[in-house]
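Common to both upcoming complexes is chain A, partnered first by chain B, then by chain C.
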Partner chain A sequence: MQSIDTPAPPNVMPPAKKTANRLAATKVGGQIVHDYWSDLFNAKDDGRKVVWYNGTYIPPMFQTMDLAWVHGEAWSAYLAAKHGELPAQKAGEDRGYVRELCSYARTHIGSALLDLRAAVDKAAVDPTDARALTTSKLPPPDMLVNAYPYCSSGQQWDQQIFRLFGKKIPIFNLSIPLLWGGRADAGYLRGSEWEERSKYVARQLRELAAFLEEHTGRKFEYDRLSEVMSYIKKSAELRMEAMDLCTAKPSPASYFDWIVSIAHVNFLPGTQRIVDYFELVKAEIQERIAQGVGAVPNEKYRLFFDGMMNWNKIGWLAEKFAAVNASVVAGRYTHMSFWQEPQLIDLADPIMGMAQNYLICPNNHGAPIMIGEIDRVCDKFDIDGVVLHASRTCRGMTNSQFQIADSAKKHGRQAMTFEGDVVDESFYKDELLNTRLEAMLESMDSRRNYFAKSA
Partner chain B sequence: MTTYAMGIDFGSTTAKTIILDGDGTVVASCIESMGAVSDEGVKASIAGALSQVGITQQDVGFTVTTGYGRRMLDVSQKSYTEITCHARGAVALVPNARLVIDIGGQDSKVIAVDSNGLVETFAMNDRCAAGTGKFLEVLARAVDIKLPEMGPLAMQATKSLKISSMCATFAETEVISLLAEGNGKADVLGAVHAAIAARTAGLVGRVGKRTPIVMTGGVAKNVAAVHHIETAVGQKLVLPPDPQIAGALGAALFALDEIRMAAKRSRVIDEEDRDVNSAMDTARACGPACKSTGTSTAAGQGTEIVVAPPSTAVI
Partner chain C sequence: MEQLISRFEQAAQHPLEGARQWKAETGRRVIGSFPMHFPGELAHAAGALPLLLQEGDEPITAGLSSMFPFYCGYTRSIVDQAMKGEYDFLDAIMFGDHCVQLLGAADAIRCNRPETRILFNQLISSMNAPWAMEQARETFRQLQRELEEVIGTAITAESLTASIKIFNRNRVLIRRLYDMRRAGKLALSSAQLQHIVKSSMVMDKETHTALLEQLLDEIAAKPAPRVGGVPIYLSGHLCQPPKLALLDLIENCGAVVVGDDLYHGYRYIASDVEETGDPIEALAAWYLTRNRKVPCPTRSDAGADWDAFLVQAVNKCKAQGVIILMAKFCEPHMYYYPEIKEAFEKHGISHLLVETEHESMPLEQFKTRIETFLEIIKRRAAA
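Showing the complex of A and B:
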C-alpha cells in the first residue's frame, strides 16, 4: 500500500463568514418574485378570477385569460424560504395529513385550512402572529387545475383541495402520461411514444382552453398565448445559454443561483421583465468569466445536485458547499426542467411545444433515458461527484437515485446520498450531510493525490 | 523530535485511542465506553492509551481524530470521517481487503477499497439507528439481556421469525409482541440479527460486492451478527483481531503520515540550506570567474528524498 498524502480535510461545518459568491442579479430576481406574490394577494380586490393549480408550468394558459394563479408547490416553497411554513404544516397534520405525505401538499392544504378557518372564525388566526398571518393571504380559488406529470400524490392533491372547498369549485385534470421509453424507437425527444404522447397532451391543452373559456365567459385568444410564450421562450433560451456558460472553470454561477431563478420560468407571468432578468443574469455570468470569478472562490470540486431543493436551506446549503470549495454546478431539478427545450416552441402555434416541454419533466422518463440525460449533463459540466438529496416526502424524485448513483460511479464519479425534504425541515439532519459530503471529498482528494503522484 | 502518532475514534457509544511509534507499531490501544453524552469516555480513552506508553500528550507528534465527535476535541490537529479512517485502518489490518463493512453505534457503512487502499465508493445507513449498534442496544434492553450475551444467545435460535421494521422503536414493539406470543428469546434475537444482516446486505448491494470482505466496528464482535451477514451476502467475512479499533488505527496512520511528511519537509529544507550554503561558499572561494563554469549546485536540485514507505501498522 502506498503512503497516502493527507491534504487538509474538508470541514463542512457552517463557515464563520459567507463564502458563496451568489450572483448579484438574483437580488433583482427576488424583487420580481416578491412583486408577483404581492400582486396575487390583491387579485380579488382587482376583480380577477383566481386559479389554483399544481404540477407543470401551465400559467401561460391562465395569463392568456388574465387570471391570477396560485401554484401550490411554489406557495409552500415560498413559506419555507421565509420560515413561515410551520403553522400551515401543523394545520395539515391536525387534519390528518401524516408527515410522510408530500410536504408541499401538506403545507399548501394546511395553509388553505388556516384560511378557511380564519374566514369562518376571525379569531382562529392570531392577528399579532406574523407567521400565522403569512399563511392566510392566499385568495381563494375560482377554478382548480391539476397538471402533474409522474407524481401520484400531486394528482390527488387538488382532489383534496376540491373536497376542502365543498366540491363546488370547477376542476380540470390535465393528464401527462409517463414516457416509458420501452419501444424500440424510443429516445430523448424522439420515437412513436413521444409523438403520440405529445399529441395527447396538446389536445388536452386545447380542452383546458375551452374549460377556461367556460368558467370565465371569455374567449381564449391564441394570439395572446403566442405573445405570452414569446417572453417565456426568450427567457428560457437566455437561461439555458447562461447555464451553458457555466462549463467555464471556475463556474461563474452555482446551482443555488439557478434554484432561486426557477420561479421566473416556472410560474411568473411571461413578460419583458423576466426576459430582462435572464439577460441580466447572463451578462453577469459573462462578466465573471471575463474576470475569472467563480461562484465559489476556490473551486476545487464540481458537483451535480440530484433531487428536489430543501427550500428552507438554500442559503445554508450554498454556504456549506462553498466552504469546502465545492461548486455545485448543475442539477436535475434546475438543468433538466422548466422549458429546458425552448426550441420546441413554435410561436405561431405554441401548444405542441408547450405539451412537449411538460412531458419532459425529469421524473417523467423511464430510468434509462433520464439517467442518460443526467450523465450527459455531468459530462458537459465536467462533474466530479453527484450529491443525491433523498427528499423524504418526495419519493417520486428519489425512486431512481440508487440507479443514478450507480451510473455516476460507472462514469468515474463519486456519489453520496443525504436525506432531507422539500419544505419539512424536521427531516433534515445536518450531521448526516456533513459526514457524507466530507467523506466523499476526502476520497476525491486521496485519489487525486494518488494519481497525481503516480503520473 | 516526538514521533508518537495518536488516532482517536470519538464514537457515539465508545471512544478508541491508538498510539503508534515512529515505525508504525501499535504501542497503545484503549477502548472506553462513552456512557452518557459527555467527553469523559474519550478523555479516559486518551489517558489510558498515554499511560500504557508512559508518555504525556506533549510527547505525541500529531493527533488525528475521527468519529461522531471528531471536531469536539482540543487535541485534534486534523480530523477525517469514519469512512476514510475505517478504510485506512481495515486495509492496514487486512492488506488485501476490498470491501469493508463497519457497523458502529451510530451508523453502518460499507466501503469499497481499491488495490491502493483508497476509498472507491461507500454507502451509509440513510437515517436514524437503522441497522446500527444502537439498534442492537435498544433491542437487548427489550429482551432484558446484556449486549455481549446477545450474539451467543441468538446463535441458539431454532425458529425462523421475522422483524420487519428497521426503526429501533418500532422493532422494539415487534420484539415485545413476539415475546408476548410465547417465542423464546433466542428465536427473537435470531430475527433481530437477520434484520440487521438484511440491511447490511442492502448496503453491500449498493456499493457492489467484492472480496475479501473485512468487518470492523464493535458489532463485528457479535458472533450472530457476523453469521447472519455472512449468510445474507453469501461470503465469509474476514475479522481483524480487534475490529473495534480500525477507525482509530486509520486515524493514527494518518497522524503518522503527517509526522513523516513533516520530517521529509524538514530534511528537504535542511539539504536545500546546505546546498545553498555550499554554493555560496564555492562562489566566495572561487570569485566571479568561477561562476561561469556552472559547477555550483543550485538550490532545489539537492538529493531526492524518497517518500516514506507504506505506513502499514504492526500489531
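Showing the complex of A and C:
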C-alpha cells in the first residue's frame, strides 16, 4: 500500500488489467438470473399467465399463484447490462417519448411496442438482429400490477403500458404512500404515520390477493405465501449478515457484488436456490476475511454509492474505482432496500411485514430519516467518501442528493457527484467522473496527511 | 375594462406581494400550497388566504444548490424562492402531491428552511381504487385538522360549505369568459385571460369574484367580438403558466386562441364542488371526478382519456390546430404526448409541440415555427 505521506496521484482510467476482485459466487448468482429469464421466455408455452409489474418486490404474491412475472425495471436493466437496450429505446423514441423521460420506462415501453409490432407482423423483428430478438422474447402480459413506492413516474409508466394494450389487460394499482416523517412521533420504523401506512399497504396486499384470485380463477393460498416468504426471509437475513461482514478491512465484497445480487432478493422466485446462493456468498466473504482478501486488492479508500445503478456500466465502474484503490463498500440502493428489515416478517402471517418492507424502500422516507439512515450505514462501514450518481432520468433517486452530500460533509466525509443514467448510456459522462473522483481522492489524501502530521 | 384587467395583472404578476399586503391588512394567516389538486376551500373556511405557489420569473440561483438542472422549471423555481426567503411570511405550506419532482422540492425546502411549517397530505393518485374515496376523504380530514391547528380556527361544516359556494361562484364566472371566448364573443387576449385565472389562485376569492362581476358587466355593456385569426387550442403546461411573451407571440403570429386545457386556464376552473351534504365528502368527490372533466396525466384513471378529451375539445371550439406547450422535464406530460400526437394524426388535427424552459425563451425560433405552423393550417384550409 502507498504510504499516506506520499500519495500516488490517482489514475482514474480503468486499467487494461482487471483489478476488481469480484466474488466468485456471483457467477453462480448470474446463472440463477439467466435461468429465471429463460424460464420466463417459455412461460406462455407452459400455459402460465404472465404479470407485468413495476415497483417494489411483490413477486411472492405472484409465486404463490404460480404465475410468471416481468419486473419492468429489471427487464430494462437486463437489456442494458447486456447492451441490448437500444432497439427498445429507439422504438420508444420513434413513438415520441422524449429522451428526458425515465429511461427504464422508455426501454420497457419500447420493448412492449416491439412486442405489439411483432404480434401484428412477425417480420417486424429482424432475424439477424440479436438485440432485437432478445427484446422480442418478452411474453406479453395477462395482468398488470403497479406497486411503486415514492415515484410518480412509475405509476404513469404502467398507465402507459395499460393504455398501449388497449386498456384490456386488468390492472391493479397498489398505493404505497410516502413516509414523510413530519409528525412529532416519527422515526425509522416507528410513529403513528408508520403504523397507519403499514396497515394501509397490508390491506391493499390482501386486495391484490383477491385481484389475482379473480383473474386466475384460483384461490390465493396464504400458507403457500408463508412458504415462499420463508425462503425470501432466510435469503434476506443471509444477505444482511454477509453485508455486515464487510465492516472488515479490507472489505471482502464490494457494492458491485451486491448490485449483481439484487435480482435474487428483488424479483427471483423464493426458493432454496436463492438461500443457497446467499449462503455461498456469505461463506466466500468469511473465507476472504480469514485470509485478509479484499474486493479491492489494495483498499485505501472506502466509499458509499448513492443513487440508482448505472446498469450499462457495472463492470466499468467496478474497475474504475478498484483501479484507484477505492472500495465501494456500501450503497443506498443495495444496503437500504430489498427486504433489509427481514425481522419484520412474521412467517405465520407475512403480509404486514411485507407491507412494511415495501414502505421502507429508501426513497420512500422523507429526507431527514432517509439521510439519518445513510449516515448510520456510512458510520457502520467506516466510509471515507460518498459518490452520488445523479441519474439523469431517475428523479426518485436524485431527490435529496444535495442534502445527502451536505450531511456527508458534516460528518467529515467527502462527497462527489457524477452524471449518468439508469439505462440510457448517452447521459453518462466519463470524463466528469474521472475528474471529480481524482479530486475527491486527492482531498482525502490531503486530509489524511493533515491529520497524520497533526497527530 | 383596462383598469380591471390591470388589477388582475398586478395580482397575478406579484402574488407574494399581494399576499403579504393581505396579511398585513387583515392580520389573518396565509397558507401556501402546491398546485393542481388541493382545494383552497379548506384554508379559506378557516379564515386564511390559500395561496397557490407560482413559478417566479427570476433566474434560479440559490436553488441551484439544492436541485439538479434536469428538474422542471416550476420545481426549481419554488425551491429557489423558498431558499431566498420569499416564503418566510407564509404560516404554512401545504405539500404532498404525488409528483416525484415536487416531493423532492418539498424535502429540499424542509431541509433548507427548517422553520417553515409544512403540512404534508398525499392524495391517492390511483383514482379507480375501490378505496380511493375513503382515502381522499381521510386526506382532506387530516388536512382539515392540521389547518385548524395552524390557523387556530375550527373549520365547521357550515363555514366549509360557505367557502365551497364562494369558490364555485368564482369558477362559474371565469367559465363564462371561457364560453364567450369559445363563441367568439370575447376580445381578451390569452395573456389577459391568464391574468384572470392566475390572480384567482392567489387573491382573496371574494375580492376576485367582485372584480370578475364588474368585468362581466363591462363586457356585457360593450361587447367586443374577437377579430379574425387562425383559431388555435392550447394544451399542456400543468403546474406553471406559459410565459406571457409566448402567449403574445402566438397571437401576434396570427393565431387566435379559442380554448385551452392549461392549469392556468380552463383546467383550474373546469369543475365545481357539490354544495349540499357533507362538505368533506363533497371535496373528495370533486377530487375524484374532476379528472373526467379535464383528464390529468398525473393521475391514474382508466376512465379518463386526455387524447379523446382534446379531440373533442378542439372540435367543440372549432380550433384548426393545437399548440402543445410542454414544460421541459414534465414527466406526466412526456408520457402522454405520444398518444395525443397519434390521436391528432388520426383525426387530422394539425399540431405543434413547443417545449418551454424556465431559463430560456428562444422567441425568434418559436416565431418561425409558429408562423410556419399557422401557414400550413391556412394552406390546408384553403386546399
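Operating definition for what follows: the second predicted complex is superposed on the first by the 449 of 455 C-alpha atoms of A that agree within 3 Å, B and C clash if a C-alpha of one lies under 4 Å from a C-alpha of the other, contacts with A are read in each partner's own complex, and residues count from 1 in each chain.
The rule is simple: a contact is a pair of C-beta atoms (placed from the backbone, for glycine too) under 8 Å apart; a residue touches a chain by one contact, two chains touch by 3 or more.
The model shown is predicted, which means the values in this text are computed figures rather than measured ones.
Trainee: Using the superposition on chain A described above, determine whether A:S152 touches chain B (first), chain C (second), both, or neither.
Mentor: second
Trainee: Using the touch definition from the top, say if A:G96 reaches chain B (first), chain C (second), both or neither.
Mentor: The second partner, chain C, only.
Trainee: Looking only at contacts as defined up top, I'd like to know whether chain B or chain C touches more of chain A.
Mentor: More residues of chain A are touched by C.
Trainee: Tell me the contact category for A:K167 with respect to chain B and chain C: first, second, both or neither.
Mentor: A:K167: touches chain C, not chain B.
Trainee: Determine, under the contact definition given at the top, whether A:G30 touches first (chain B), second (chain C), both, or neither.
Mentor: Neither: A:G30 stays clear of chain B and chain C.
Trainee: Quick one: classify A:E207 as touching chain B (first), chain C (second), both or neither.
Mentor: In the superposition, A:E207 contacts chain C only.
Trainee: State whether A:S175 touches chain B only (first), chain C only (second), both chains, or neither.
Mentor: After superposition on chain A, A:S175 lies in contact with chain C alone.
Trainee: Once the shared chain is lined up, is A:P140 touching chain B (first), chain C (second), both, or neither of them?
Mentor: neither
Trainee: Considering only touches as defined above, state whether A:F402 meets chain B (first), chain C (second), both or neither.
Mentor: After superposing on A, A:F402 lies in contact with both chain B and chain C.
Trainee: So, does A:G372 touch the first partner chain B, the second partner chain C, both, or neither?
Mentor: Neither partner.
Trainee: If you lay the two complexes on top of each other, which residues of chain A touch chain B in one and chain C in the other?
Mentor: 390, 402, 406.
Trainee: Mind listing the chain B positions that touch chain A in their complex?
Mentor: 68, 71, 78-84, 88, 91-92, 95, 107, 116-124, 126-127, 206, 254, 257-258, 260-261, 307-312
Trainee: Name, in rising order, each residue of chain A that touches chain C in their complex.
Mentor: Of all residues in chain A, those touching chain C are 95-98, 100-102, 105, 146, 150-153, 155-160, 162-163, 167, 171, 173, 175, 177-178, 180, 182, 203-204, 207, 366-368, 390, 392-393, 395-396, 398-403, 406.
Trainee: In their complex, what parts of chain A are in touch with chain B?
Mentor: Those residues of chain A that touch chain B are 1-6, 8-9, 11, 13, 390, 402, 405-406, 409, 414-417, 419, 429, 431-432, 435-436, 438-439, 442-443, 446-447, 450, 453.
Trainee: For the complex, give me every residue of chain C touching chain A.
Mentor: Interface residues on the chain C side: 65-68, 70-71, 96, 98-101, 103-104, 107-108, 110-111, 118, 120, 122, 124-126, 128-131, 135, 297-298, 300, 302, 326, 328-329, 331-332, 334-339, 341-342.
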